[in-house]
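Going by the order they are written in, the chains are A, B, C and D; count residues from 1 in each one.
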Amino acid sequence: MINELMSILSHEPLAEDTYCLVLHGKMVHEIKEPGQFVHIRMDGFYLRRPVSISDYDPLNETITLIYKVMGDGTEALTKQNHSLEVLGPLGQGFPIDQIHANHALLIGGGVGVPPLYSLAKQLRRKGVSVTSILGFRSKEEAFLLEDFEALGDVHITTENGTLGRCGRVTDVLSEMAGNCDMYFTCGPTAMLKAVANDLPDTPGFLSMEERMGCGIGACFACVVPSKDEKGYKRICCDGPVFRAEEVVL
Amino acid sequence: MINELMSILSHEPLAEDTYCLVLHGKMVHEIKEPGQFVHIRMDGFYLRRPVSISDYDPLNETITLIYKVMGDGTEALTKQNHSLEVLGPLGQGFPIDQIHANHALLIGGGVGVPPLYSLAKQLRRKGVSVTSILGFRSKEEAFLLEDFEALGDVHITTENGTLGRCGRVTDVLSEMAGNCDMYFTCGPTAMLKAVANDLPDTPGFLSMEERMGCGIGACFACVVPSKDEKGYKRICCDGPVFRAEEVVL
Amino acid sequence: MNLSIKLPGLSIKNPIMPASGCFAFGKEFSQCYDLSELGAVIMKAATKEKRFGNGTPRVAETASGMLNAIGLQNPGVESIIRDEIPFLKEKGVPIMANVAGRTVEEYVCVTERISPYVDAIELNISCPNVKEGGVQFGTHPQLAGEVIEQVVQVSHVPVYVKLSPNVTDIVEMAIAASQAGASGLSMINTLTGMKIDPKTRTPVIANGTGGLSGAAIKPISIRMIHQVYQAVDLPIIGMGGIESAEDVLEYLLAGASAVAIGSANFKNPFICKEVIDHLPKTLERYGFSSVEQAIGGVHHEKAGSHLLRS
Amino acid sequence: MNLSIKLPGLSIKNPIMPASGCFAFGKEFSQCYDLSELGAVIMKAATKEKRFGNGTPRVAETASGMLNAIGLQNPGVESIIRDEIPFLKEKGVPIMANVAGRTVEEYVCVTERISPYVDAIELNISCPNVKEGGVQFGTHPQLAGEVIEQVVQVSHVPVYVKLSPNVTDIVEMAIAASQAGASGLSMINTLTGMKIDPKTRTPVIANGTGGLSGAAIKPISIRMIHQVYQAVDLPIIGMGGIESAEDVLEYLLAGASAVAIGSANFKNPFICKEVIDHLPKTLERYGFSSVEQAIGGVHHEKAGSHLLRS
C-alpha cells in the first residue's frame, strides 16, 4: 500500500455520467489480484473516495478506473486532469490464483461492472470460460460491453429496456445458472443478496460496498456481519471481495 | 459594486514574495477613485481577501493588484492563473476630485505602496507635484521604484539598509515635511499613526487595514473609532481612506 | 412551487432570511438585489443604548467557517427605529428585530420600544461575545424562562427565542422557551471558539474567544433542530452554515420551518437571492411540491410513512 | 530541538499520538511507518465484552470534518490484552488504553484488567455514539466524579479523563475530573451532529446522530483547552482537527502538553509521522527551542511576559 501522486494519462467520458480514468504510477506493481481498490483524495473533501481498479497494466504502469458521478466528490473528480493523490492498492480482491473453475458466471450491476473486467481477463488467461450478465439503468449508461464480449458470452439487462433484456440481472440469472460452476458478482448490496439467494449451491464471490473512513482497516466504518466467530468483516481490508458464505447480507 | 469572474491577464513576481496581478473585466468601469479595493474569493477559504487596486485602465478594462504572500490565502492566490472571483470596487478611496494641493507627499510602507501608485499618477495629471517616501524591509522586497520615480522625487528606506536610507519612512519624514501641503499614506497602523503625529498641521489622508468579514459594511468587523458623534467608521465602506483627523488610531 | 410559509407574525413568501448580524439593516445588500425578494430580514441586534462593541480584530477564518466577536455593536434601539426600520418598511419586506441586553430590564425595554415597528422579535439570549447578559441567559433554563416571560408580556408581536448551542441539553432550553411563552425558536447561534496565531502567541480575535459560524457547524445545528422538533411544538427558524438550496432542504427535513443565512453572505453577497432562485428546482428534484411539505420530513420518514413522497 | 515531554505515566519522545478509534491497535498503520516513531499510541476503546457496534453507514462527510457512529466496536478487553497489546509492546511504543463502559462496574473492571499492560488509561466518558454509558457520564460532573474515582482506585497507571465538548461548562467537568483524582485530561471527544440525505430523507448515519470530528471543530477544542488550562492544574492531551505541525503548536500554546491526531489519519495515513517530522522546524520558525517551552504560551503572553520568546 502506498500513497502516490499519480499522473492522469487520460480521462474520458465512457457513458452517461460515467468516466474512464487512466492513471500512471508505481502503484500498479503492488496490485495482487483483480478486485482491489484505491482511495482517492481530493482538495476540499474531508474523506477519500473508494474506487475499484477496473484494469491495470504493469508494463505501462497504468491503472484504469471507471466511475460514475454520484455526488459532489465524483463530480469534482471529473474536473481533475493533471494528477491525483491515490492510496492503494487496498483490500483483498478475487483470489485469482486459488480459483479452480471451468465456467465462471460474472454478474455486474452498474458501477459494479468495472472490477469484474480485469477479473474476466485473468479468468480467460487461466482458461476459464466466462459468461457475463451486465445490468444497467439504460442504454446510455451501459459501458464495457464490447470488452466483455471479447471474453465470452454477454447478457445485458437495462431497467428501462433500452438495451438487452428489460429488467434486472437476476431476471436472466436462472437461465444461466446451470452452465456455471462458480460466480463472481459486484453491485449494490440488494443485488448481491438476490444473486447469492438465487445461486445457493454454486460457490461464489461477492464484491461489496460501504461508506469508508480510513480504507485500511483502522476505523471500523465499513463492517459487515460475518458468520465466523469474530462476527464481522471489514470491507476495506478483509474485502471488498468475500466468499458468498462468509458474510451476512 | 459587482461580483465578477475576472480573467487573469498576467500574474508575475515583482519582488521577494510580492506579485503583480493584472485582471480583466467590466469592474474597472465602476472605479471612482484611487485607493478603492477588491475582495477576492478563493476555493477552500471561508473569507475573502481584501487587496487594494494599485492601478486600473478603463480603456483596456484592466485592474492591477500588487500583493505580498502573508499566509495561506495569499500563498494560494499565487497559484491562480486563469480567473478569479472578485467583488468590487469597494470602499472610498482618495477623493481625487476634491483635492487641491500644490505638492503632495506620499508615504507608503510595504504593501501600503500599491494603492498610492494610481493616486500618484492622478495627482500628477492634476498638476500636483509628488514626492514619495517608500519603505520596505529590504532591497529584495522593494518594488514600483521606477514607476514612482517617473512621477516625482522618491526617497527609499529599508529596514536592513540594503537600499536607500537604513530605517523607516518616518526617519526621512521630517526632512520632507516642509515642502508639502498635503500628505497621503498607506501602511501598517503603527506607521500611519507615526506619520500623522509627525505631520500634525498638514492635511492628510490615511488608508487603513483591518481584518474583514463582508467587505461591504454589513458585519462591523472592520471598525475604527472615530471622532464624530457616531463614534466609529467601517474601514471597508466608510474607508479604507480617511482624513487623518476623522479616525482615532 | 409554493415557497410560502405562515409562521407566528410572519407570513412570508419564501423561507429564506438573512441571519442577524450578517446583514446589518439591509442597506448594504440592497445594492446587490431587491430586498423584497427575501422572506424576511432579521436585523442586527438592538440594545437600549448604542454600543461600540469589542476591539479589533473581530473576525478570524477557520476551516469551513469563521469566528466573530463583534460584541453587539449597534446604534441603539431608538436610532434603529428612526434611521433603519423605515428603509426596510419602504422595501416591503417583513422585519424581525433581534433584541439583546445585559439585564432583563434591558431586554424588556428594547422589546417594548421596537416591537410595534416590526413583525416579530428574535430574542438573542445566546450571544457568546459579550461579558454580561447574552449567553448566560441562554445556558440556564430558569434564567432564560424569566427573561422570555417578561419579554413576551410586553411584546406587541410574536417572540422567537434564539438558542445557544453551547449547552449540554438543547431540549431543556427549548422546553423552557416554550413554557415561558415563546412563539417560535431560532436555532442556532454560534459556538464559542478560539484561534491562536503562533506568530503573535495571542488569540487572533481581540476578545480572545469568538463565535464559530459557517458550514463547519451545520451538523451540530441539524442535530439540535432534529432533537428539538421532536420535543417541542414550536416552529423553528434554522441556521448555521447554509450555503445552498440543498442545505435549506436539509434544514427543512430536520424540522425547521424557515431558515436564516448568516456568514455565507460574506462569501457571496448575492447568496440569499441565489438560494431563493434555486429552491423551487431543488425541492422538485427531491420530490416535494412545496416548502410546507418538506418540513420535518425526516421524522415522518423515520416513522415509516412514505406519504411525503410524491 | 527537544520534542520530549514527561507526563504522568508517559515519558514520550515527542508529543504526537494517534487518537483513540482512529488507529485501531496500530497494525494497519505499521504498514505505513515504524510505530516507534510515535510519542505514544492511544488504542481503540476497550469494553468488557466484545461489541459489534452500530449499523452502517457509520461515517459521513461534512464541511472540513466527518461524522462517525462506530459504536465502540472492539473485540473486548481480554482479546485486546491477548491479541493486540503484545504487537504494540514489540514495537516499543508507549501505550494508552481507552476504556469505555455502560456502567461504573464495567469501567472499573476493564481498567483493572488492562491497566497492568499499558502506560496510562484514557477514560472515555464522552462517546456520543452509544445509548448507555459513554456520554451521560461525560456531561454530569457528579456522575463523572464517581466513575473517575473508582477507576483511579483500581488503576495501576495514571488515568486521563477524556472530556466531552457537548457541555455547557467544560471547566466544571475538568474540575470534577481533577477532584476525583485524574492525572490528566484528554480534550476533546467529538461533538454530536447529524447529516440528512435529501434523497432518502433519512440521516446518513444509520445511528441517526454521529460524532463530529476534524478541522471543523478545532476552534472549539482550542477554546475549551484554553479555558481549562487556566482553571485546572492537570496536563492536557489536546485533539480535534489537527492536520499539521502548526496546528500542534496552536494546541501547545492554548495549553495542551501533548496532542492526538484522529480523523486526519483517514485523509493521510502518514500524517502522524509527517507532523512529527515537521515539528522541529515549525517550533524553530516561531521561536521555540523545545515543546516544553511552547506549552501554555498564549497564557504567558497574555500576562504580558515575553519570557518565552527566544
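Simple rule for what comes next: a contact is a pair of C-beta atoms (placed from the backbone, for glycine too) under 8 Å apart; a residue touches a chain by one contact, two chains touch by 3 or more.
Chain labels with UniProt names: A, B = Dihydroorotate dehydrogenase B (NAD(+)), electron transfer subunit; C, D = Dihydroorotate dehydrogenase.
All figures in this text were calculated on a predicted structure; none of them were measured in a lab.
With contact taken as defined at the outset, there is no chain that touches chain A as well as chain B. Centroid distances built from C-alpha atoms place A farthest away from chain B. Separation between the centroids of chain B and chain C, computed from CA atoms only, is 36 Å.
Centres computed as Cα averages put chain B at a distance of 46 Å from chain D. Listed for chain C are residues 62-65, 214-215, each touching two or more other chains.
If you draw each protein chain as a dot and join the dots that touch, you get one closed loop, with every dot joined to exactly two others.
Two chains count as a pair here when they touch; such pairs are A-B, A-D, B-C, C-D.
Every residue of chain A that touches chain D in the complex is listed here, in rising order: 1, 3, 41, 45-48, 73, 87, 210-225, 230-232, 237. The touching residues of chain C, when paired with chain D in their complex, are 62-65, 67, 139, 166-169, 191-196, 198-203, 208-210, 212, 214-220, 222-223, 226, 241, 246, 249-250, 253-254, 286, 297-298, 300-302, 308-309. The residues of chain B lying in touch with chain A in their complex are 43-44. Across the complex, chain A is touched by residues 21-24, 27-29, 31-32, 44, 50, 52-53, 56-66, 68, 70, 73, 75, 204, 214-215, 263, 265-270 of chain D.
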